[in-house]
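Let me give you the structure first, and then I'll get to my questions.
The letters A, B and C name the chains in turn, as written, and every chain counts its residues from 1.
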Amino acid sequence: MADRPMPELLPTPAAPVPPADRIGAGVLNTFALIGGLALWGGRALVEALRPPYDVDEIVRHLYDIGWRSTPLLATSGFAIGVVLSMHTRASLERFGAEAMIPAGLAVAVVRETGPLTAALLAAGRVGAGIGAELGAMRVTEQIDALEASAVDAFKYLAVTRIVACMIAMPILTTVMNVSAVIGGFVAEHAISGMSWDLYLERAFSLIGFSDLLPSTLKTIAFGFIIGVTGSYLGFAAQRGTEGVGQAATRSVVLASVLVIISNVVLVRLIFFFYPQGGA
Amino acid sequence: MTRLAGVGLFVVGGLVLFAAALFMVGDRRMAFARTFRVATQFSRVTGLQPGAVVRVSGARAGTIRRIDPPTDPAGRFRVELDITEELHPLVRTDSVASIEAEGLVGGSFLSIEIGGADAPIATSGTMLPSREPFEIADMLQQMGATIVKVNATVDVLTGQVQHALDSVVVTVDNANALITSVSDDATRIASAGARISTDLADLTADIRDGDGTVAKLLHDDTLYRRLAAAAEHGEAIAGDTRQIVGDTRQIVGDVRAAVERLRGTDGQVTGLIDELRQTVTQSRSAVSGFADNMDALKRNFLFRGFFNRRGYFDLDAVSPDDYRKGVLTGGGERPAVRIWLTADRLFAPAAEGAAGTPVLTDDGQARLDSAMTAFLDQLPGGVLVVEGYSRDGSRQSQFRTARGRAATVRDYLVDRFGLDAQRSGAMPLGATPVETPELASWSGEGIALAYFSDPARR
Amino acid sequence: MTAVDLGERQGGAAATAAADAVRFRHVSKRFGTQAVLRDVSFAIPAGRAFCLLGRSGTGKSVMLRHIAGLVRPDEGQVLVGGRDVGALSSRDLASVRTGIGFLFQNAALFDSMTVGENVAFPLRRHTRLTEAEIVARAHQRLAAVGLEHDYGKMPGQLSGGMRKRAGLARAMALEPALLLVDEPSAGLDPMTAVEIDDLLLERKRAGTTLVIVTHNIPGARRLADEIAVLHDGRILESGTAAALDASEHPLVRRFMRSVGGG
């Protein structure tokens, strides 16, 4: 605890500075931020494995992060399914390949659209929530109060949230995928009257384990990123309500960007381990 | 506690949904079905991957387990696959495996044909026979090669044919009225030669047009096979054409020789003309064979199954001996129906003694016409052979007389009924009939019309 | 050990290092470019009430945070019960912290818990009491600060004074020997401020060492055994209220005469 560096963002220079210095400061800040996040995340992983496990807290956050995000994710997934179905229809109709709509939609959703959209929505809802909540706790000295009560605030506040995010994310992704497939079915049924059984049969015709497993499990990493970013920026919040808002906003932006960037790496990694990427 | 209930529902529900999805995938990948494992080999795997679908007669049957590359360039890829027990009885040791593409955008899958009912059921570890995948690229390459070959042949041959024909014309002019009957044939060859050029041009255009068709039927194996046949045709044409040219040269030579001899001495004129006529007849059959191939090729591109209807034999190449042994009956599949006609009813007696060119009488023509009516309704499919018989004189003279009779009747019938030259023949059989003539007045002199009907038609 | 001698001299009290509840030895601290504490040394004997006076931003709160180990000194040592807080392992620091109560300026109640749960929280984390005992103890602590009816309320439903009392109840949950108080009267009306001071006085009588950061002079006069005036990161002067009243230092005198509010 004592030897734990709390997140401290570099102070922005007060006096007007030459542009070159400002760019330099910006670059330094970015590196400091990335380094801080990496340390924060690394320690979170170590701490998550060390007892005590604050199961009650994890359950509480799972409720907030997972259960209460479900309606948002399910609704969005449904809408995305409907829209994707219309899009795939528009493009596949040209080749007379309407029969491919369910398969095309399912592959698109399961491989990328589902996980990424779920992660971005979670970054918005959950990342902002964590950033704001922890930011407020920092600003109102609740984090200090925890520390002063001999409680490891990092473990109690940050690790539990990060773990909850990592558990919730694949489940939310599954919810998203399922509702997108259902949404696609509703759109398909409305237009072509296709039966649920046939739709399901076709939807799964092109999906293999290597489509479903890695793309769903990679969202654990997304959950980790969202949790780490939110908690880091929340802990780093500056005094005042402005600091809380800033922590929330920055959490969303940074988490979203990091999710998208890490997705590139993860997809590359998945292709490395599953060279076929399909079948 | 509602929070705990929510979290429980969330986690358990999520896991159930995910497990259900995994099950759906696994079910379609036959991960839970009882399977048996067989193998097959390909020298090229064209995009086939472990995990790809296996279909038995189109039904989803299993998965590719592994693909082992060969250890040396001459080896083949070994493909191991699991097939569901449900379809086990259909997979026999003679079931052929092939790599097919799943629609326009899908991946490759392994297709296994249902085996023959007599073949034993494949067991675990059986090595199934395979058919190498064809690739559109290969096909196009082959097409390109064919076009080039045909073009080259056309270029070379047109020149040669033209040259030969010119010589023929010159020679024919030289030979003058002496050989009017031959000049008739020569003119025919000349016109056929003219057709060669246009036909080849058409063919080349057809093959070039084939590109468009090919693109549309990207994965039609049949098309590929037809194309391969087309390539063979192309070569056959080239061969035929060479023969024509060769024949023509011979004709030219013969004619020249004849003319020389005619100029030199007066003797043996008739024999020479006869010889010449024979050569011309042969040449004509080559020309008609060429035209035949050409037509077939054209029909080929219109997707007619020419090959199926065509006999698997070359009538010109059948010797009387083989003929007697029944090569044309196809092991009893094509029994012959014979109509016997004696020589005295067909040929004018005056010509009989002269060297081998019997002439049909009007009555003889009428008899042949009426005899042919028996075959007319099944005509295009089968093979008509005019058997010539004669028992007078030495064996050579028997043969020559028999051949003259058969050839005369055959020529008459070909002209009269527009018979397919490829599927009608003249067979000199001498004194001994192939079977006991169903004719009380059979004298041993005459012909028999033997019709071998098409087994596919019955 | 000149550092110890210096500390003792500046602390003013003739006590050994072990008997001191809190001792600062040449503590310096800077945040970025700004020096907050400059070579601060003093000692607080156990059972005494020590008030830190000073204008806002003079580093008073930072001194409290040093004691609780929330901030580590750049230079020097902070000893609590004779142990160097800045050099402790996290486990040892935790054991030091369980002996410290911290009442924050705005009480810092955990928003996600009820008032009762806030008070029960330290008990849950650091004792092996049964659930029933914890609830009973929490009720008892709340009753001691006059909040016996507010166990199930959320912190947001309480007034500023009530929050502060709840915060005090939480800080005292583990009955620590050392109580750190940051601005007890900040944001409160004078009456409520006096109520809070009464409660603190009660703690003092019970033997708890108090370290109070304030700019409320009347409150400090009531509570403190010793007062230190902090200015620009340094202790200008320390001593009893009467001694400071008689100080030669103009800033100290001016400070003692002002009537500090929130």
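The rule is short, and it goes like this: a contact is a pair of C-beta atoms (placed from the backbone, for glycine too) under 8 Å apart; a residue touches a chain by one contact, two chains touch by 3 or more.
All figures in this text were calculated on a predicted structure; none of them were measured in a lab.
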Centroid-based (C-alpha) most distant chain relative to subunit A: B
Chain whose Cα mean lies nearest the overall Cα mean: A
Whole-Å separation of chain centres (CA-atom averages), subunit A against subunit B: 66
Centroid distance [mean C-alpha coordinates] between subunit C and subunit A, Å: 41
Separation of mean Cα positions, subunit C and subunit B [Å, integer]: 107
Multi-partner residues of subunit C (at least 2 other chains): none
Set of subunit B residues in contact with two or more other chains: none
Per-residue multi-chain contacts in subunit A, two or more chains: 60
List of subunit C residues in touch with subunit A within their complex: 32, 65, 68-70, 72, 85-86, 88-90, 93-95, 97-98, 100, 102, 104-106, 108-112, 121-122, 125-126, 170, 180
Footprint of subunit C on subunit A - complex, ascending: 1-4, 11, 60, 136-137, 140-142, 144-152
Sites on subunit A touched by subunit B in the complex: 59-60, 62-63, 66-68, 70, 95, 97, 100, 167-168, 170-172, 174-175, 177-178, 200, 204-213, 216, 276, 278-279
Residue numbers on subunit B that touch subunit A, as the complex places them: 3-4, 6-7, 9-11, 13-15, 17-18, 21-22, 24-26, 28-29, 49-53, 103-107
